[in-house]
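What follows is a pair of complexes built around chain A, which joins chain B in one and chain C in the other.
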Partner chain A sequence: MLWKRQIPILIVAVIGSITLFGWFINEPNIKSFVDDDATQWFDILASFAIFLGGFNLLKMQLQKIFRRQRGWQYSIFAIAGFFLAITAGFFYKGNPDVAWGTHVTADGTLFKWIFTYMFAPLQATMFALLAFFVASASYRAFRIRNFEATLLLVSGIIIMIGRVPLGSFISSWFILYLLVLIGGITVNSFFKNKQYTAIFVIVGIIVVTAAGSSLGWPLDQPGILYLPYLQEWIYKYPNVAGARSIMMGIGMGIFATSIRYILGIEKSYIGE
Partner chain B sequence: MKFLTDLILKMGTVDRRWIFLVIALVVIIPLFFPLGLPIRATATTQYVYDTIDALPHGSKVLVSCEYGPSTKPEIHPMVLSVMRHLFKNKHKVYVTCLWPDGQFLASDALNLVARDEYGLTYGEDYVLLGFRPGNEAVVKGIVSDLRKLYTIDAKGTKITEIPMMEGVNRFEDFDFLFSASAGYPGTIEWVQYAVDPTNVPMSTGTTSIQVNDVMPYVSAGQIQGILAGMPGAAEYEALIGVPGIGTSGMDAQSIAHLVIVLFIVLGNIGYFIERNRSKKY
Partner chain C sequence: MNDRDFIIGAGGVTFSFLIYWFMGHPFFIIERIVMFIAIMTFTGTLLFFIRKARRGEEIFLREIPGLKAVEEAVGRSTEMGKPVLFVPGIMDMDQVETVAGVIVLGHVSKMTARYETTLNVPVSRAIVMKAAQDVCKESYLMEGRPDMFHEDMVHYLTDEQFAYAAGVNGIMVREKPAACMYMGKFYAESLILAETGNSIGAIQIAGTASQAQIPFFVTACDYTLIGEEFFAASAYLSQRPELIGGIKGQDMIKIIIIGMIIGGVVLRFLHDGGMIDFNILEFLTVR
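Here is the complex of A and B:
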């Protein structure tokens, strides 16, 4: 029990404390440990983790094949790919002129070939499929059900159009006309009176047209309605405010969890 | 009117493969027949350009590649453009990778720009230090003692035998950092573990989806500008006057975004028609 419980907790508590307080104590030995030794320890431990990962992958995929679980045929490809990569990495360079080590990125080697002609296209394909699913999902699921959804939808559309060159072609005046029409829909749904709606829309259109004519229809004026400026504003202010609060929350969470580890309260890493 | 509403409702139940086909067409057609939409640099892209342009000639610049093939269309054009800008201004470029696949793409970028376009010498004008596992531990290692972490470069040459590595021992020896990042570990780790403790200036290029996370650091002044996704890459290409795959991709992205917005609007019109009808009954 001592080796399985108390000793690991003690190691985590001591190393965790030194690493944490190393930031605040100006002592060369502690600083050297935090900056150099601890990071090297991490590298060494991370290197061992690759073996665990490899064996785990093999175990899971082999189990799937032997038990004839659903989709077991794919596991054959997974294992074949695993051994192909190991062969290309450790046993067969494919180009005798290239030294071991550099064969990973050098042209003409099997490993580079696997990366260029198998790994890269497959990964790119997986990512490219997202565009199709985003389009399909946005058509079927992105609905204005409440105020929050409306806000999300409107800001999403502004960002999507404002970020691309096409957005700079859309005049602020066009957005103003759109706003007049949206205002008309709001007036209609509120008063349920066609006359009020017609008056609102006609007056709105006349006002916008008059203002536009007098100012010479500048594409980016009024700036508040020009999509490229508007998307920049959304990125800079509402987005930053939201992102900062999330980051602060995460930071507090990490701090609290670290303290729990150091004090031995959190023991999930020893299976408790 | 009834015909129109019925049509919109019918479109709502259309097989999704038709939507896939429309998206495929609006992406592919502009790639073959470019519209040549003009590209306007946003303030954050201009900031990156100005910062790099203001570096004194011969500055030591660290470029870190944290991306893979999946995010290559967004990040790689940025790396190419930034490298063109750096080599044009006669800076020394050191490349590290926090992602294993980043090393392949960094190698391709250096071969194309440094070797083929500018005819520069490896080890004297540019060096690929390569990938090291360990995520933020690698960043911390570069900050404290680069030579402990990198004893050899990506080609297997000893660091001590590379001429341009003379006087480069830790992160503070660099004049500038550009992080081309598609996620973790990446830009945020560079800010937290390298830039904040040392005050070495940095700029970044990220995927569009990552901009939200990185933007607070830009507005706080910890990062000197950001190239945001493919539009950021295209804007940088326009600034250095060398159009590339970022620029050609912008037409396709513009039309695809417009079509997705149209899908959203159509879907919502259908939703409201359906809701009104169900209220009536």
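Here is the complex of A and C:
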């Protein structure tokens, strides 16, 4: 019990306290421990732990093949890749002029070839899938279901159009005409009277046209409806306000959780 | 620790610090004193409410739909006879989100043990694998189902981000889990995972403190624990008073911060208007 509970909790408390309060202390040894040593210790531990991971992976894939589980054929590729990478990393450089160690980054070696021509394209393929997933996710997010979703849609459209060159060519007056039409829809859905709607739209169009004619139709005036300005405002103010509140909540959560770990109040991570 | 011991301990720490301070506070970086006071105040507030909760004071914890849905998701998997997939992020145990994810996994594994549902936890770090295996093992023991636990329910895939995403996607497409849970630290793979989970019709619950990934999870998942909700998960699921007390403490700290923001705006306004010389920005800037 001592080794499985008290000692780990003590280690967390001591290292956590040194890391937290070390930031307030101007002492080179503590600073180097927090900045370098502690992270290096973790890296060393993680390096040894990779053996556990590797053996687990091998065991799982072999089990899949022997038990002929669904998709077992893929496991053959996984195991082949595993041994190929080990061979290229530890046993066969493929280029005798390159020294061991540098062979993982030097050109002309088997390891580098695997990385450049097998690993990188496969990774790029997965990353490229993101574009399609963004499209399908955007479609779902922008579907008009309620007021919030509509607000998101409108903000999204304004930001997307406002950030491309086309956005700067769209006059504020065009947006004003659009607003008059949207206002007409609102009036119609509210009063359900065609006359009121027609009067609203006609008066709106006349007022906008008169104002535009008298001012000479400047592209970026009124500024609040010029898309590049509007998108910047949305991006800088409502967006930042929301993001910062989430960020503060996250910071608060991390702080409270860390304090719970350091003080040994939360011990679930080593079992109850 | 009883109240008397707590007061003696807290008093001792404060007294020691005061002695250290009046001795000339060697090595202390004086420019960071504001941050130090803030940390001590917040820690004190947290401890105060944790102790209050331990004494048995009832603390209201608002309902978090995402956490309420965890049991529902496990129940759904049980009814459909399909596994529950739990993804604890792609980072190592040195990230607080990963630790929080592993803690949530402990609660989820208790439910899967109770409902006799298959649990599948692919991980991307070997240390996380060991921690998650231990947590699951203990959950199954606590639920009286050690026979159902097998180490392979938590298995390692790869450290590489997109290779891991590909591996998890493969598991999703082949096994078609009825519930997918993403709790931990995520990067660009978040949407790849969540959209694949969505395409197989799984009920999806995500929790992360990775701010840039929250919109993706909100879009693709049924429930998302945003930021601090994720860290409150352990308290909510365990209903342990000291953890719930910590949540209340967090809320109190938030009230203090809101007060400080309002006060800061007023002070800055007065400074900019030339009415006072005190510059709050100068005072609060951490060096």
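Note that the second predicted complex is superposed on the first by the 252 of 272 C-alpha atoms of A that agree within 3 Å, B and C clash if a C-alpha of one lies under 4 Å from a C-alpha of the other, contacts with A are read in each partner's own complex, and residues count from 1 in each chain.
Going forward, contacts are C-beta pairs under 8 Å (C-beta built on N, C-alpha and C of every residue); 3 or more make two chains touch, one makes a residue touch a chain.
Model, not experiment: these values are computed from the prediction.
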**Asked** So, does A:42 touch the first partner chain B, the second partner chain C, both, or neither?
**Response** both
**Message:** Touch test for A:136: chain B only (first), chain C only (second), both, or neither?
**Reply:** both
**Asked** Just chain B (first), just chain C (second), both, or neither: which does A:127 touch?
**Response** both
**Partner chain(s) touched by A:92 [first = chain B, second = chain C, both, neither]** = neither
**Message:** With both complexes overlaid on chain A, does A:247 touch chain B (first), chain C (second), both or neither?
**Reply:** both
**Which of chain B and chain C A:27 touches, first, second, both or neither** = second
**Message:** A:168 in the overlay: touching chain B, chain C, both, or neither? Say first, second, both or neither.
**Reply:** first
**Request:** Report for A:196: first if it touches chain B alone, second if chain C alone, otherwise both or neither.
**Result:** neither
**Request:** Kindly classify A:177 by the partners it touches after superposition: chain B alone (first), chain C alone (second), both, or neither?
**Result:** neither
**Asked** Following superposition on chain A, which residues of chain A contact chain B and also contact chain C?
**Response** 39, 42, 46, 50, 123, 126-127, 134, 136, 138, 140, 243, 247
**Asked** Once bound in the complex, which stretches of chain A touch chain B?
**Response** 35-36, 38-40, 42-43, 46-47, 50, 99, 101-102, 104-105, 112, 115-116, 119-121, 123-124, 126-127, 131-132, 134-136, 138-140, 142-144, 153, 157, 160-161, 163-169, 228, 232, 235-236, 239-240, 242-244, 247
**Complete:** Given the complex, residues on chain C that touch chain A span 27-29, 32, 35-36, 39, 42-43, 46-47, 50, 92, 94, 96, 99-100, 102-103, 106, 125-127, 129-131, 134-135, 138, 142, 152, 155-163, 165-166, 170, 174-175, 188-189, 191-192, 194-195, 209, 211, 214-216, 218-220, 226-228, 230-232, 234, 238, 242-243, 246-247, 249-250, 253-254, 257
**Prompt:** Along chain A, where are the residues that touch chain C in the complex?
**Reply:** 20, 23-27, 39, 42, 45-46, 49-54, 56-57, 59-60, 63, 70-71, 74, 122-123, 126-127, 129-130, 133-134, 136-138, 140-141, 243, 246-250, 252-261, 263, 265-266, 268-272
**Item:** Touch list for chain B against partner chain A, complex
**Value:** 12, 16, 19-20, 22-24, 27, 37-40, 42-43, 68-73, 101, 103-104, 107, 130, 132-134, 137-138, 140-141, 143-145, 148, 152, 154-156, 208, 211-213, 215-216, 219, 228-229, 231, 234, 250-251, 253-261, 263-264, 266-268, 271-272
